[in-house]
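Here come two complexes built around chain A, the first alongside chain B, the second alongside chain C.
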Partner chain A sequence: MSKVRRHELKNIMQKFMMLVLLTLSFNAIAIDEITITIRNHLFYPPEIDIPEHKKVKINFINQDDTPEEIDSFDLNREKVVFANSRSSIFVGPLEAGRYRYFGEYHPNTAIGFVNVVSTEEHQDAK
Partner chain B sequence: MRLFSFLSLLASLICEPLAFADEGSVDKVYHPYVLPNEREVEWRFASRQNDDGNLLTQRLAFGKAVSEHVMLEFYLVGARDEYDDFDLASYEVEARWMLTEQGQYWADWGALFEIEKAHHRDLWEATSGILIEKEFGQTSLTTNFLLAYTWGNDRDSETESEIIPQFRLKYRYRWHPWLQPSVEIYTGEDFVGIGPAFMGIQRYQGQKQLKWELGFISGLNGDSKDHTLRFVLEYEF
Partner chain C sequence: MLSNTVVLILKDALPIFWSIAILIVLIPKWQHWLYFGIVSGIIVCLLVFNNIGIISQYADGLGFEFLKILLLIIAYLIAVAFFVNNQLRYSLLAGLLAALFIICIIILNASNLLLFYVSFWRLNEQTHSLFLGLILGIGICTSIATLLVLLLKPLQKVKVARYLFLVFVVGQFSHIAYLLQQTDLVTSQQIWNSKQFISDENEIGQFLATLIGYESSPTGLYILIYLIALITPNLLRLFINSMRKGKKESMK
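Moving on to the complex of A and B:
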């Protein structure tokens, strides 16, 4: 490998490491958590409120004997929750609005909504 | 400010390797996600027209998630040779590893490992790299930073570099599940290409879904003509 190419690769690696450090530096922030239970192919509660412009972790506890796949084009998330198991998705920061998600294996019953509300509305609801 | 820093860094990486490229530079921009239980069959088609003529490559693949975070895919690659005969050109195994949960960190990370063996020739290629995706509202920026290492007695050391850095980028607007327009950029050895692309998803029952991608990439490397039409059809079940 020529010296020029080695130098090019070294530069790329240095910039890539900067990118990694940049990413990791934004992660040390506490995240709110909300739990949703899957029972008889339904979500409990079927609707949750979260504050706008904030990242939230949603924990799904699947009490059914069959797996479920959480799917949402609105939230841009897909996640499998195995039978009698739990799994999580991270959503946000989002603009205020109503975001639909559903269970791919039971799309007629497993339907839920994430309502993203202003911080004031979210505080009042608490 | 963060977005500006990120884009500045990406811009400097894009501008760096203007000396990149090989014939297969326009392929696919990989997303860093894997779903457990996922299985797929895939057909990938790329037709590149430049001053040297037409190069046609097609790939047939079967993929399966082997764990919650790792997906393996096996490819048969066909190509049209200089005598206009379309035949098996190589075999490939690919592993995609989802390193972080979607949305957990500032960006989502994955890794890609590929090994390809030319059919009836002593020519190998190993590719590895990092896949990054970042959401900006209804848009997503996906980048692939890859290094391909080629070896074997049949490698043409005068025209093929031993190590080829590749960069791929897709900036996608999630408009409707069935139509998501994007801009794609590919760089390789002596190649930089950019062009529009579209993807869409049609869902069926359970995990069954059909994904399609269509892109038209124009080379910016000075040739009077250099276009690649690429198409992907992927059925997940």
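Moving on to the complex of A and C:
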């Protein structure tokens, strides 16, 4: 491998690692919380709005006698909520958009959406 | 209910069958560890399942996530050992490590499935569909695993099996990123979205997710862990091989 080519490759690798590391952060900022109830294998409310580029804690309260596994390919999250108990997951920071999640044990009924909106839109909605 | 059961079994049981198939190709005396690994895995999984409530309550409700992280680390280290050391597969230790790996992978993948089955069985909800789904799902997983063994074992494709094993485990191991993110230990943003090409919701996406850890919208942390976990054993292998070569040449 020539010296110039090796240098180019090193530059590309450095830029890539910078990009990856920039997306990482370890934080302890105050976080918004939203509660979703699971009842009769349905999510209440079925849609929630969260601000973009912010981390949010979602609490799931399962009122059913069966467990539910919250799954989302859009959000890359998977968490079991036991029968008659509660569980939490953190989502974000996310780009504006509509993110689907579902109950893996009842995928036909337990469907919900996380709408990520701009901070202004989120403030207006509040 | 039937299709949902089959999908769940494929998602949770395929990694177990796939890894067992690769280990059968990789380790010559596979009969010794296989039954021990499967039986121990099922027993430990039942124990974990019985105490899943207690485990989950640890560390502010993050106990099960931490257990998963620990099991993923153990599974990864075993895969690295098999990848780096060519001779390991002939040793007695290979059987023990393979059995330990099977135990880890069964707990990681079968505990949620067990929860689903036990909960619905207790309620007597559509037990017929649950049973049929189990038979169909296990049948598909067994077919895929058998096909892999039949393709690789007679041809002695150990090198292929070794790489398949590493890529599979790296894919599983990288999920540590999402476990850390969903428990708020680390924050990381999505880097790209290839959902329009291969969505992880369809069959191909699910299959690729199991075999190589494919994600249509990975975060920076996921990519970082994936690359480090994939590159490190390769570098380690290169280093060990060059050391051995150097030793042989100096002996001459």
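As a working rule, the second predicted complex is superposed on the first by the 101 of 126 C-alpha atoms of A that agree within 3 Å, B and C clash if a C-alpha of one lies under 4 Å from a C-alpha of the other, contacts with A are read in each partner's own complex, and residues count from 1 in each chain.
Simple rule for what comes next: a residue touches a chain if its C-beta (ideal position, glycine included) is under 8 Å from a C-beta of that chain, and two chains touch if they have at least 3 such contacts.
Remember, it's a predicted structure, so these values are computed and weren't measured experimentally.
Visitor: If we overlay the two complexes on their shared chain A, which of chain B and chain C does A:K55 touch? Say first, second, both or neither.
Guide: So A:K55 meets both chain B and chain C here.
Visitor: Looking at A:D65, would you say it contacts chain B, chain C, both, or neither? Reply first, second, both or neither.
Guide: Only chain C; A:D65 stays clear of chain B.
Visitor: By the touch definition at the top of the document, which applies to A:E95: first (chain B), second (chain C), both, or neither?
Guide: both
Visitor: What is the contact status of A:A83 with respect to chain B (first) and chain C (second): first, second, both, or neither?
Guide: The second partner, chain C, only.
Visitor: What is the contact status of A:Y105 with respect to chain B (first) and chain C (second): first, second, both, or neither?
Guide: Once the two structures are laid over each other on A, A:Y105 reaches both partners.
Visitor: Who does A:N11 touch here: chain B (first), chain C (second), both, or neither?
Guide: A:N11 contacts chain B only, not chain C.
Visitor: Do any residues of chain A touch both chain B and chain C, and if so, which are they?
Guide: 19, 22-24, 26-27, 55, 67, 69, 73, 76-80, 82, 88-92, 95, 104-105
Visitor: Any idea which chain B residues touch chain A in the complex?
Guide: Residues 2, 5-6, 9, 12-13, 16-17, 19, 33, 35-37, 68, 101-107, 109, 130, 132, 135, 137, 140, 145, 147, 161-163, 165, 174, 177, 203, 206-207.
Visitor: Mind listing the chain C positions that touch chain A in their complex?
Guide: 4, 8, 52-53, 56, 61, 64, 112, 115-116, 119-120, 123, 125, 178, 181-191, 199-201, 215-224
Visitor: Where on chain A is chain C touching in the complex?
Guide: It is residues 19-27, 31, 55, 57, 65-67, 69, 73-74, 76-80, 82-83, 87-95, 104-108 of chain A that touch chain C.
Visitor: Give the list of chain A residues in touch with chain B in this complex.
Guide: Chain A reaches chain B through residues 1, 5, 8-9, 11-12, 15-16, 18-19, 22-24, 26-27, 55, 67, 69, 71, 73, 76-80, 82, 88-92, 95, 104-105.
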